[in-house]
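Below are structures written as structure tokens.
You will see two complexes here that share subunit A, one where it goes with subunit B and one where it goes with subunit C.
Then we have the complex of A and B:
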């Protein structure tokens, strides 16, 4: 079960998604440190989606799906020019801005998956699980 | 959708926070006073809560206007009736600029939230 938000490509909505994801993370009972990490990670992914949509000239809304369980799962779906997970592991290359954003995201979350969407664009999914209580 | 936002809310109270967050964020973004933000949160709770508490999913669309944020709450399953309690209607009459059934024959409600003047 997920809640899904569709937003126009407008940078001011990065803040809304960040806020929504943080509230979802609270309901998943993540720690404050994890919630901070989710804020940063979601901001990077949504900003990347907007940039990809602009490069591709896509007018479709960006879709954000958030699922809450013992973990939080955030999927960001765009109709941009696509991103390949393999670029994150290219050795010896200076990362461009979108790649840097994804590298930061991967470092912050438990799992990061990137898939190409049928019809064009990408689905970037990040997962962070509740820490076991001490 | 135009320049608006669309939210798909499942029929589970765990997710009822989402429309409240979006409404508050949009109204606050217009520079509205804190009372208007709180009114928006209350209004959304009353309206969306009527559906979600009954286990009904809803699609919620938000459109920003000058001095108002217009919200439409529409259940994807149009075969079932959901009505607002008299108490919910009274609360909405106080905290919202307007609320009533959709004018186009679909089942659902249109809500007007007081906001600041957009620059």
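Then we have the complex of A and C:
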């Protein structure tokens, strides 16, 4: 099952998306800690996407797709150029925005990918899988 | 997010509650800047009532810390939240900021 949303690039809506993602994570039966992690990760990627959209001067909304089954997949599509994740591994870089958000996100989720979209823009996709029950 | 500052004997305590994110963090930054420009020598940011914080909130704390360091003022972050401590650890800020109670002792 996938839920898709078009979000106007207004920072007030970042909270809305993270609450929705947390509900989706609950539905996917993720643990409470994973739900908290998803809350942070989604805030980070949506806030980054809004900033990228503004930098690109794009007026259209950011698209968010949330896939829910044994895992939760969140894809965020914007008009920006994306970020080369290799910058996160450069030695001696200070924890500053926006790389700080990506650094945190990468540490929290099972998988994080950033890809260029055909026709411009980028797609950030994060995945968190249900932990096997004890 | 709600920010409330109290002062006792020159020690300012900024109590933050609610959700600190890209939308609300600027208000916290503004309050820390205000205290800094007023020359507050000792500032503690109390995060114990924070329900949510992300990198934008952490960046504000880092900014406050750096500024205080430059100006030789005291800047302390107070939290006992496992959640907040996890993010401070992941981001590398646990070693940069002065956090109390000391996470090692509290453990």
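Just so we're on the same page, the second predicted complex is superposed on the first by the 130 of 134 C-alpha atoms of A that agree within 3 Å, B and C clash if a C-alpha of one lies under 4 Å from a C-alpha of the other, contacts with A are read in each partner's own complex, and residues count from 1 in each chain.
Keep in mind that, in the parts below, a residue touches a chain if its C-beta (ideal position, glycine included) is under 8 Å from a C-beta of that chain, and two chains touch if they have at least 3 such contacts.
The model shown is predicted, which means the values in this text are computed figures rather than measured ones.
Student: Answer with first, second, both or neither: which of subunit B and subunit C does A:27 touch in the superposed model?
Tutor: Once the two structures are laid over each other on A, A:27 reaches subunit B alone.
Student: With both complexes superposed on chain A, which partner does A:12 reach: first (subunit B), second (subunit C), both or neither?
Tutor: Touch partners of A:12: subunit B and subunit C.
Student: Quick one: is A:68 in contact with subunit B, with subunit C, with both, or with neither? Answer first, second, both or neither.
Tutor: In the superposed model, A:68 contacts subunit B only, not subunit C.
Student: I'd like to know which partner A:1 touches here: subunit B for first, subunit C for second, both or neither.
Tutor: So A:1 only meets subunit B here.
Student: Counting only touches as set out at the top, which of subunit B and subunit C does A:47 meet: first, second, both, neither?
Tutor: After superposition on chain A, A:47 lies in contact with subunit C alone.
Student: Do subunit B and subunit C touch any of the same residues on subunit A, and if so, which?
Tutor: 12, 15.
Student: Any idea which subunit B residues touch subunit A in the complex?
Tutor: Within the complex, subunit B contacts subunit A at residues 1, 3-10, 12, 14-15, 17-18, 21-22, 25-26, 29.
Student: Of all residues in subunit A, which touch subunit C in the complex?
Tutor: Those in contact with subunit C are residues 11-12, 14-15, 18, 36, 39-40, 43-44, 47, 50, 95-98, 100-101, 103-104, 107-108.
Student: Touching residues of subunit A toward subunit B in the complex: what are they?
Tutor: Residues 1-8, 10, 12-13, 15-16, 19-20, 23-24, 27, 61, 66, 68.
Student: Along subunit C, where are the residues that touch subunit A in the complex?
Tutor: My answer: residues 19, 21-23, 52, 54-56, 58-59, 62, 83, 87, 90-93, 96.
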